[in-house]
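I am attaching a structure below and will ask some questions about it afterwards.
Labels A, B, C, D and E are assigned to the chains in the order they are written; within every chain, residues are numbered from 1.
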């Protein structure tokens, strides 16, 4: 069976046989970098097209259907357009920070790729504090947004950045707490361990209602953290035209835009890993034959399938709900999500200690 | 905090919202003074689309000037034309044939539904929900198609002439309108599912943009805005024109006084319009669709004032005639202009998000304000 | 791969972003126009400065977040070992979350969580 | 309330008021000096209660300007029209924007297009036209060779 | 009681959101409801109603004859000065001079399709055509001469 694990292993052993260890390491680094960049580019193209198609079908229209078969190359054409656009920097802007901001958001998005297990045994860095690493790195993205908003010297951008600051830091808490409930159940911070703990069933099934609650909280919190509607107050185009990236154009805009979509992918990938067992195939109790068939589906397909399902849910939110107001947004977090997730964490703890899960 | 509202102090942010802004639905320019997110003052700047229609009309004949008024409130262009035609008829003392009266009322109500549909979609879009906009256009397109078939145009129909309507109804008209009513009734529950019942939407709309009954009268608000504050001001009920006196419908009133009240008013008004259409569609009397008029119309010396209930409120047409073929002075009392004056009062103390919600319920059409 | 992957990924991100911007630079033939440098404010010139003192409302949340986030970090090591320690861990975290919750209620009562 | 009854009440509160026949509503003509007082009384006199000002406009009669105010009472549903002659060279009249809030924008419009200055108006500026515009477009003798198309 | 309200709030809120998602989910899976018209592709099926007002045309029959007497009623009726009629004097075989149409100039760029000229025409010589694709690269192309070269007035039209 073709799997990423064997491919990476064979590449690794071939490199180490052919070259000296230093060169092999360098070459591996290059391969990883190229793979990451390729993943970024592909994901950007696919997710933008997916978003537009999902939006279109929900809005009883066709969506992009001119460029390529069924409009498949629409986002490629858009990318080419964005490359051809002039990237302006406003006169009054803090030029250094203004140009730095897209790099920051891109670096954050890229760093978050490291601990994600894309397939069985296919992970860039299986860090033993994976969950902590993710919470830590994802907090940095707010700095990029604040930087972009403040440096633009534009009032809309400033307001958007400020909103986004208050919003992201608030939702960080309940996202963290809901992730913790899985950590409690799995007893490890390492993502591969968490996936391994779900080999006999995903946490969302094994964990009863408390895990479902923490999953709902997680989805709401990450929707808010990635500035997606209904929490897109940082952009809020009917209020602040385009929020923190009002002044960005051309390639710099494209980078911010891309990073946003990559962030969605990453949080959905983490959600899939924590709650849906990552690359683990679906196994149902003692149905041996069913479980065997499921095993034949490659693990990477499982992972991407789950992730894209979560992405679809987040898109579904966007094209259904109106936007919240800033005070309601924070009220939702501080009045509902945070107390609930605290209590929920205790419930999960009791469940974990008593062993009340399958 | 509250006592600071209305003053400008250090640390306040002055932001221009409009003329090129997604929430203003046109070229309205608001200068907003903010403290953090809280609005302290709003100053509307108008005139970006001012064409001085009143001056233009002074050089147009009584047949010609009607078409210009379609360009004021283009979403209820038919009702604008109606008010103008009624004013001319008042001056000439023309009796409009019953068939024409019914046709006019049918078209008015279709226009009102189309206008409210667009508003419903745009309102949801202001609050960040894009999908309802497209769903609203599905119904609106059907009305536009009906209009196109009978009147010859989709938006600026110019179907009215002094004394009646320009052409008879299209043979398909009755059937298509009935189809539309069936379509509308099958989709009405979706409006509640998608928008009205949504908790986020209600949270955004409730207790936002408060306008008390006294303020609504003092600011000269009409239409759904005043009715949302409990002011009875439906011209169709108070001063019935054409066949409005003979059909059964309710004047929708709400006493919530907030954005959500105004939102509900418009939703229910659409249903009242459907009710009017249902009563009339099978009872269109025969006869002429136009009264006999002279080729060149001359209004007698005097002043004439006619009003009609557009989708936005009371439209008044005030003609001063010196006996010639053109009006000496014409004044359009447009609903949007008065409604806009209340915006500052309604939005003060709220957030930027509230401003958008309030402005959405005002249903501003900028050419109507600028004229 | 180990921690070296972080450096690799940062470099990849920088290369990707810089590459994109540079490629765009090659293609774009920009024209000079003083209007282009203006900040976008719906086509009207900006009034006053943007970088002035700002309502404190936004920062309060950042401060409260800081407190809670630090507390949250303490829960991480606990979460890993909770299954091994058993009942004792539950009591400990009960006390911890109780104190945290009291702090939360205090902030709520003080109106710090209300938007201004 | 019929027009005759209204006439009696109005004559009672303002002796200098004259009436103009014709038209569906009662037309009251008073001088600009009495206007502010009269407006207060229109709003507050019991039985009149004209709380809703729905149309404010000005007419250029080439020899003079006339301000026209349309009032309705939302309680009694009667309508009256008040007309005030103004000097054409320097038209000035007291504002009523403190009695009816809607007048603020309407008076700015009249100022913008006719050049009537409203005394004590809180914010009397051009509404539609730019602040440096010369002339009053809706006056009959206004000429704008660039923007006006003669048919 | 506080807790009960708290939980009912959450329940109601989540329910309303799920109802909304069910509606959009329905449309996502039911592609038959799509109402988009693929405009330039559906030119053939595009059925404009006969009353649709696209532009003014002067009707010509197969003998290249029209019904315009050059009476300028349409020119007077037009609010925008869209129509300009230039007349000439035809000399009939009996030697009588008769006013006739020379050039019917139509400024499409000024036209608002208000139909007043068609209503005003005493001989029904002009009608509204259904063509709506008027875009051109040069504004001057929108000024049209409506009477075809060599056309003349139909017999019996006064």
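Criterion: a contact is a pair of C-beta atoms (placed from the backbone, for glycine too) under 8 Å apart; a residue touches a chain by one contact, two chains touch by 3 or more.
From a predicted model like this one, the values you see are computed outputs, not experimental measurements.
**Student:** Hop across touching chains from chain A and tell me the fewest hops that reach chain E.
**Tutor:** So the least number of steps between the two chains is 1.
**Student:** Give the chain pair that accounts for the most C-beta pairs in contact.
**Tutor:** A-C
**Student:** When the C-alpha atoms of chain A and chain B are each averaged to a single point, how far apart are the two points in Å?
**Tutor:** A distance of 45 Å separates the two centres.
**Student:** How many Å are there between the centre of chain A and the centre of chain D, using C-alpha atoms for each centre?
**Tutor:** 63
**Student:** Distance-wise, how many Å sit between the C-alpha centres of chain C and chain D, to the nearest whole number?
**Tutor:** 57
**Student:** Between chain A and chain C, what is the gap in Å from one C-alpha centre to the other?
**Tutor:** Chain centres of chain A and chain C, defined by C-alpha means, are spaced 15 Å apart.
**Student:** Counting only residues that touch at least 2 other chains, which ones in chain A make the list?
**Tutor:** 58-61, 155-156, 158, 163, 241, 319-321, 326-327 - these are the residues of chain A that touch more than one other chain.
**Student:** I need the residues of chain C touching at least two other chains; which ones are they?
**Tutor:** 41-42, 46, 50, 54, 57-58, 115
**Student:** What positions in chain B touch 2 or more of the other chains?
**Tutor:** 13, 15, 21, 37, 131, 138, 194-195, 198, 200
**Student:** Within their complex, state which residues of chain B touch chain A.
**Tutor:** The contact residues of chain B facing chain A are 13, 15, 21-23, 34, 37, 124-131, 133-135, 138, 194-195, 198, 200-201, 203-204, 351-356.
**Student:** Would you mind writing out the residues of chain E in touch with chain B in their complex?
**Tutor:** Residues of chain E touching chain B: 12-13, 16-17, 19-20, 22-24, 35, 48-49, 51-53, 77-79, 112-116, 119, 128.
**Student:** In their complex, what parts of chain E are in touch with chain A?
**Tutor:** It is residues 10, 17, 20-21, 23-25, 27-28, 31, 33-36, 38 of chain E that touch chain A.
**Student:** In the complex, go through chain B and note every residue touching chain E.
**Tutor:** 60, 63-65, 67-68, 131, 138, 141, 148-153, 156, 158, 161, 166-167, 170, 190, 193-195, 197-200
**Student:** Touching residues of chain C toward chain A in the complex: what are they?
**Tutor:** It is residues 1-6, 8-18, 20-21, 23-25, 27-28, 30, 36-42, 46, 50-51, 54, 57-58, 61-62, 65, 68-69, 72, 75-76, 79-84, 86-87, 89-90, 93-94, 97, 100-101, 104, 108, 113-115 of chain C that touch chain A.
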